[in-house]
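Multiple structures are listed underneath, in C-alpha cells.
Note that subunit A is present in both complexes that follow, paired respectively with subunit B and with subunit C.
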Partner chain A sequence: MREPIWLKRTLIFLAASFLFVMLIMPLLLVAKEALSKGVDFYFKALTDEFALKALYLTIEATISAVVLNTIFGLASAWLLTKFDFRGKTFLGSLIDLPFAISPVIAGLFFIMLFGRLSPLYPLLQEYDVAIVFAVPAIILATVFVTFPFITRELVPVMENQGRSEEEAAATMGANGWTIFRRVTLPNIKWALGYGIILCSARALGEFGAVSVVSGHIRGKTNTLPLHIEILYNEYNFTAAFAVASVLVFLAIIVLILRNLVERANKNPVEEEIPTDDKNSSELKAGVAHG
Partner chain B sequence: MLLMVEVEVRNVSKNFGNFKASDNVSFSVERGKLIGLLGPSGSGKTTILRMIAGLETPDSGEIFIGGRKVNNLPPGKRGIGFLFQSYALFKHMTVFDNIAFGLTVQKKSVAEIKSRVEELADLIGLKNFTHRYPLQLSGGQRQRVAFARALAPNPELLLLDEPFAAIDAKVRQELRGWLKKTIHKLGITAIFVTHDQDEAVEVADEIIITNRGRVEQAGIPVEIYQSPKTPFVAKFIGESVQVPDCSIFKGFDEYESFAGILRPEFLEIAATIDEMPQPMPVTTERGIVRGTFFRGSVIQIDIEVKGQLLKGFRGLEQTTLHEGDEAFVFIHKIYGFDGDKTTVIENAAKRGESVVI
Partner chain C sequence: MFGKSDVIPGRRLTLGITLTFVSLFLFIPLASFVLFASGMGLEKFFAAVTDWRNVHAYGVSFFCALAAGLINSLFGLIIAWVLVRYDFRGKKIMDALIDLPFALPTAVAGIALTTLYAQNGLLGKFFYSVGIESAFSPMGITIALIFVGIPFVARSVQPVLKELDPQLEEAANLFGAGNWTIFSKIIFPELLPPLLTGFALAFARGIGEYGSVVFIAGNMPYETEIAPLMIMTKLEQFDYQSAAAIAIVMMILSLSILLGIHGWQSRQLKRIGGVVGA
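Now for the complex of A and B:
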C-alpha cells in the first residue's frame, strides 16, 4: 500500500518535531546550562566531594541491583518456564509488582519494614544494623524497583525455546549446571544482556523510592539524582545541570550498548539452507560407508 | 538363542490432573527389535516414551531397561538415546559439537570424540557438514544429526518421538527406509512413536497400539491387520467403513444383528454377475455406484447396498463403472464387534466351502 506523499511528510514532520521538543532540546539545554559558567566550573561541580560520593553510591547501588537481579531473574525465569507448579501465574504477576507500584510507595514499604515503627526495629538496634537512611536501604530500594526487568526479558525467550533442548542434554547425561551453562545460557545470552542493560538504566536514574529511604545525608546517602535535586533546590542550577550531564552521558552509553546487543542478536548466520533434494545421494553415501 | 527382553513396562499409570495419560500399561520389548507405538493424538503414546526415558515420572508401576529397574534413575543414567520430534538440536553449536555433546559430558578424550563424531557423521551421510550450524541444514539433515547425536554415547535403547512428523512427504519415505536399515544394522533396540499407521506398518517389526492411555493390542503388523482384537484396532488400522447392523447383508443374514467393520479389500465389486469369482446369487448383493475415485493403482468405488454406503476397490483393467450404475457386491468377511472384542465373520458362501477360491 502507498500513502500519498503529503501524508508521509506530515507524519514525519510531526514525529521529528515531537522528538526534537521532547528529547533533543532538553538534552541540548542540559549541556548549555551545564557549561554556562565555563568548563572550569563544570569540572569543579563534577569533582566536588559530595558529587563524587553520590556518583560512587549510584554506581554501587546499580551494580548491586544488576548482580542481585541477574541471579534472581535467571532463577525466576528458569522456574517460570521450565517447571509446572501450582501458583505459577500468581508468582508471575507478583514479579511484575514493582512495575505497578509507585516507587515512592515502595520506599515507604522499606521505611515500614525496617524503620522505627517496625517490629524488627528493636532487633536491628540490638545488633547495631542501620538499614533505613543508610546505604543498605538505598540498595534495597534500587533492587526492588528494577526487580522485574531481567525476568521479563528472559521469560518470553525461554518460553519460546521450550524444554526440549534441556531435556535432550539431560538424556545424554548432563547435570543441571552443565545444562544451564552449555545449553540454556547460550540461548538466552542476548536477552539476558538486554535485561541487564535495562536494569542498569533504571537503577542509575532511580529517584522516588531511593528519595524516601535515603534521608538525604550529603556524602553518605545521596545518590546522583538526589544530589541533583539538592543542588537544584539550592538554586545552584549550573552545578545541578553539570551533574545531570553525567547521568545523561551514562544514559547515552546504555543506549549505545542496547543497540549493539540488539544488532548482535539480529545477526544470525546467513548461508544458503540446503533443500532436502540432496538427501538421496548423502544417504546412499552414508549407508555405503557405514 | 534366547530372546532377551530389553524393555519391560509393568502396570504403569500416569495422570495429568484428571486426564489419564497412561492407564495400567504393560508391555515388553525384545532386544534388537524396532517397535512402533501407534495411536491417535492424545492416546498416551508420547507419555509412555517419555516415562521410559525418565523425562516423566509414572504415578505407579515399574519400568525396566536391560533388566535393571530404572524408576529412580535420571534420564542420563538409563542408557538411552532420545530423538525429539522437533529434534531439539543445540542451535548455537555446530553439527560436530551437537554430536559430540554426550561424549564431552562423559569426559571422553578429544581423539576419541573426534573419531566417534566422524564415524557417525559418515553414517548419516553428512561428513562434509560438521562445521555447519543446525539453522544451515535442511529438515532431513537436522533429523539425521539428531539421530547421530542420540547414538553417540552408545545407548542400548533408542527412543524416537514422531521422528518423521516434521519432514516433507517426499523425503519421509526415503528416511523411513534408511532409519529402519540403519537401526537394524547397528543392532540397537528402538521404540518410536507415531500417529501414522502406514509409517508404523512400514518401519516397525512390531506395533503396540495405544488408545486412551491403554494398550489395545501388540503384535507384528500382519497379525494386527488380519486379526484386530478390539473394535478400536479394527477401526484404526486400515481403511474401513463401520456398519451398525451387518446382518442385513446376504451371506451374514443368519446372525443376529451385529455391528462391524468392512475394509475395502473385503469387498468384491463386479459389473456383471459373471465377473464374480463365486457367482452365487444367494450370497451376492446388488448395489448402486455412488462415486468412483482414481487412487493411483486402483479405483475406489463408493457403493450403496441396502441403504449403507460401502467402499471397495476395482482394478484399472476391469470394465469401468460409473456413478449410478448397478453393480454386484460380494462381501468376503466382516470384523464383527462383540462387546470390546472383535471376531472375523466369513461370508456363508465361504464357510460352506472347503478353502480354495
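Now for the complex of A and C:
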C-alpha cells in the first residue's frame, strides 16, 4: 500500500498534535505552574515538613509493594510455568483480578475487612491495632493494586523458555535455588526488572485505593499523590504543582528505564519475547489505574 | 498434586507462597466484601442501586468512558499506523511518550488537565470563548479519560500491524486494488481484534478511573458525579452498604465489557485463523 505524501503528512501531523495537546502540554504546564512563584518557593514547597513526610510514606508503601510482589511474582510465575495442576487457569485469572477492579473498590475491600463494620473490628480495637486509616491499610491497598504486575511480566517469558533447561539442571543434581539462580534468573532478569519498574511506578502514584483507606491525616497517612490533592483543594496551586513536578520527574525516569530495559532485552541474540505478550500484560497493568 | 514426580523442584514451596499471598491480599479482602454485600439484604441493595443520583453517576461514567474509548480508538489507530509504517523525526520519542499515562500518577494528570482546560486555562480560554465548558463538565471528564486511555489502543494495534504480511498487500495491489480497498478489505479486518481489545481495556479503565477525573469533573450531583466518586461519598457518610452496592454495579459493568470482548474475540480468532492462519 503506497499512500500519497499528503496523507502521510496529515496522519503524522494528527498523531503528533494529539499527543502534544494531550500529553506534552500537561507536562509543560506542571513545570510552568511549579515555578510560577520562583525557585525559592518551589524548594520551600518540596522541603515542607508534610511534603517530606508524605514522601517517606510513599517510599515506604512502594518498597513494601515491590518487595512483596517480587517474592510473590517469582513464586507464582515458577508455579504457573514449571508445573501442571488442576485449577491453573483459575489461579491465573484470580491473580489478574486487580486489573479489572477499580482502585476505589479495592480500597473498599480493605474497609470491609478491617473497618468498623468488620467482625474483626472489636478484636483490633481491643489490641489497639490500627489498620484502616493508618499505614498498614495504605500498604495493603498498594500491594493489591500492583499485585499482578510482576507475575504478568514473568509468566510469558518463562513460558517461552520452556522447562527443558531447568529439567536438565535438575537431572544433573542441581538444587532448586541453584537452578533458579543459575538457569532461570539470567533468562528472566529483564522481564523481572521491567516488572519491578512498572510496579514501582504504579505504587508511587496510586491514588484511588489509597485515598479510600488513608483517612487523609496530614503528616501521618498522606502519600505524595494525596498531599497534592490536599494542597490543590486548599487553592495552594503552586505548591501542589511543585510536588507534582517530582512525580513527573519520576515518571519520565520510568519511561527512560523502560526503553533501556527494552533495548537491552532486544540486543542479545537470545530468544526474543513475543512483543504482543509483553504489550498485553502491560496493557492489562494499566486497566485498573487511578 | 500427589503421586506425581516433578523433575523440577519447588512445587510445594512456590505453591505455598503463592496461595498464602493470594489468600492474604486477594481472597480474604474479596471474600469479606462478598460476605458484607450478601448480608445487606436485597431491599437495601436495590434501593441503593436504583437511587437516581447513583444511576446518574453510572451513566456519566459509562458514557464518558465510551466517548473517550472511541476517540482513543481513532487516534490510537492513527498513532500505531504512523509509528509502524512511517519514518519521521521524533518517532522514538513519540513511541516512548505513549506510555506516559501508565507512568504518571493520575492525581498529577488530574490537576494539570484541570488547570489547562479551566476557564482561564491555556486551552480552556479557547473553549470557553466559543461557549464550550471544557472543565467541570462531562467533556472535562471525557478529556481526563482520554488521557488515561491513550496507550491501550495504540499499544495493542502496534504489534499486530508490525506482523502483518506485506505480501497480501502487494498481491492486492497487483490485482489493481486501490489504497482504500486494501486498507478496508485487507488491513482493517486484521486490526479489528486488537482495536477492540484496546477499546475494551480503555473503556473498562475509564469506568473505574478516579484520580485523574475527580479534579476536572466538578462533582456536581446529577451532573458530573462519576460512579467511583459516589463510592467515596457514601464511605465518607459511613453508608457502607450503598458503597458496596455501587461497587457491585461497577464490577458487573467492567467485567462484562472485558468478558464480552474476550468472548467475541476468541470466536473471531477461530474464524480468522481458519482463513489466514494456514
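The rule is simple: the second predicted complex is superposed on the first by the 267 of 290 C-alpha atoms of A that agree within 3 Å, B and C clash if a C-alpha of one lies under 4 Å from a C-alpha of the other, contacts with A are read in each partner's own complex, and residues count from 1 in each chain.
Keep in mind that, in the parts below, a residue touches a chain if its C-beta (ideal position, glycine included) is under 8 Å from a C-beta of that chain, and two chains touch if they have at least 3 such contacts.
The structure presented is a predicted model; accordingly, all values stated were derived computationally and were not measured.
Enquirer: Kindly classify A:Gln125 by the partners it touches after superposition: subunit B alone (first), subunit C alone (second), both, or neither?
Expert: neither
Enquirer: May I ask you to decide whether A:Met172 touches subunit B, subunit C, both, or neither, giving the answer as first, second, both or neither?
Expert: first
Enquirer: Touching A:Gly205 in the superposition: subunit B (first), subunit C (second), both, neither?
Expert: Touch partner of A:Gly205: subunit C, not subunit B.
Enquirer: Between subunit B and subunit C, point out the one touching more subunit A residues.
Expert: C
Enquirer: For subunit A, which residues belong to both interfaces, subunit B and subunit C?
Expert: In the superposed arrangement, which is not itself an observed complex, subunit A uses residues 167, 170-171, 175, 275-276, 279-280, 282-287, 289-290 for both subunit B and subunit C.
Enquirer: Enumerate the contact residues on subunit A facing subunit B in the complex.
Expert: Per the touch definition, subunit A meets subunit B at residues 162, 164-165, 167-175, 178, 182-183, 186-187, 268-269, 271-276, 278-287, 289-290.
Enquirer: Inside the complex, what are the residues of subunit B that reach subunit A?
Expert: Per the stated touch rule, the residues are 53-55, 74-77, 80-82, 84, 86, 88-92, 101-102, 105-106, 122-126, 132-133, 135-141, 149-150, 152-153, 167-168, 170-171, 174-175, 178, 181-182, 185.
Enquirer: In their complex, what parts of subunit A are in touch with subunit C?
Expert: Touch list, subunit A to subunit C: 1-3, 8, 11-12, 14-16, 18-19, 21-27, 29-30, 33, 68, 71-72, 75-76, 78-79, 82-83, 85, 91, 94-95, 97-98, 100-106, 108-113, 115-118, 140, 143-144, 147, 163, 166-167, 170-171, 175-176, 179-180, 198, 201-202, 204-208, 211-212, 224-226, 228-229, 232, 237, 240-241, 244, 247-248, 251-252, 254-256, 258-259, 275-276, 279-280, 282-290.
Enquirer: Touching residues of subunit C toward subunit A in the complex: what are they?
Expert: My answer: residues 1, 6-11, 13-15, 17-18, 21-22, 25-30, 32-33, 35-36, 75, 78-79, 81-83, 86, 88, 90, 94, 96-109, 111-113, 115-116, 122-123, 146-148, 150-152, 155-156, 158-160, 162, 169, 173, 179, 182-183, 187, 197-198, 201, 204-205, 207-213, 215, 228, 231-232, 235, 238, 240, 243-244, 247, 250-251, 254-255, 258.
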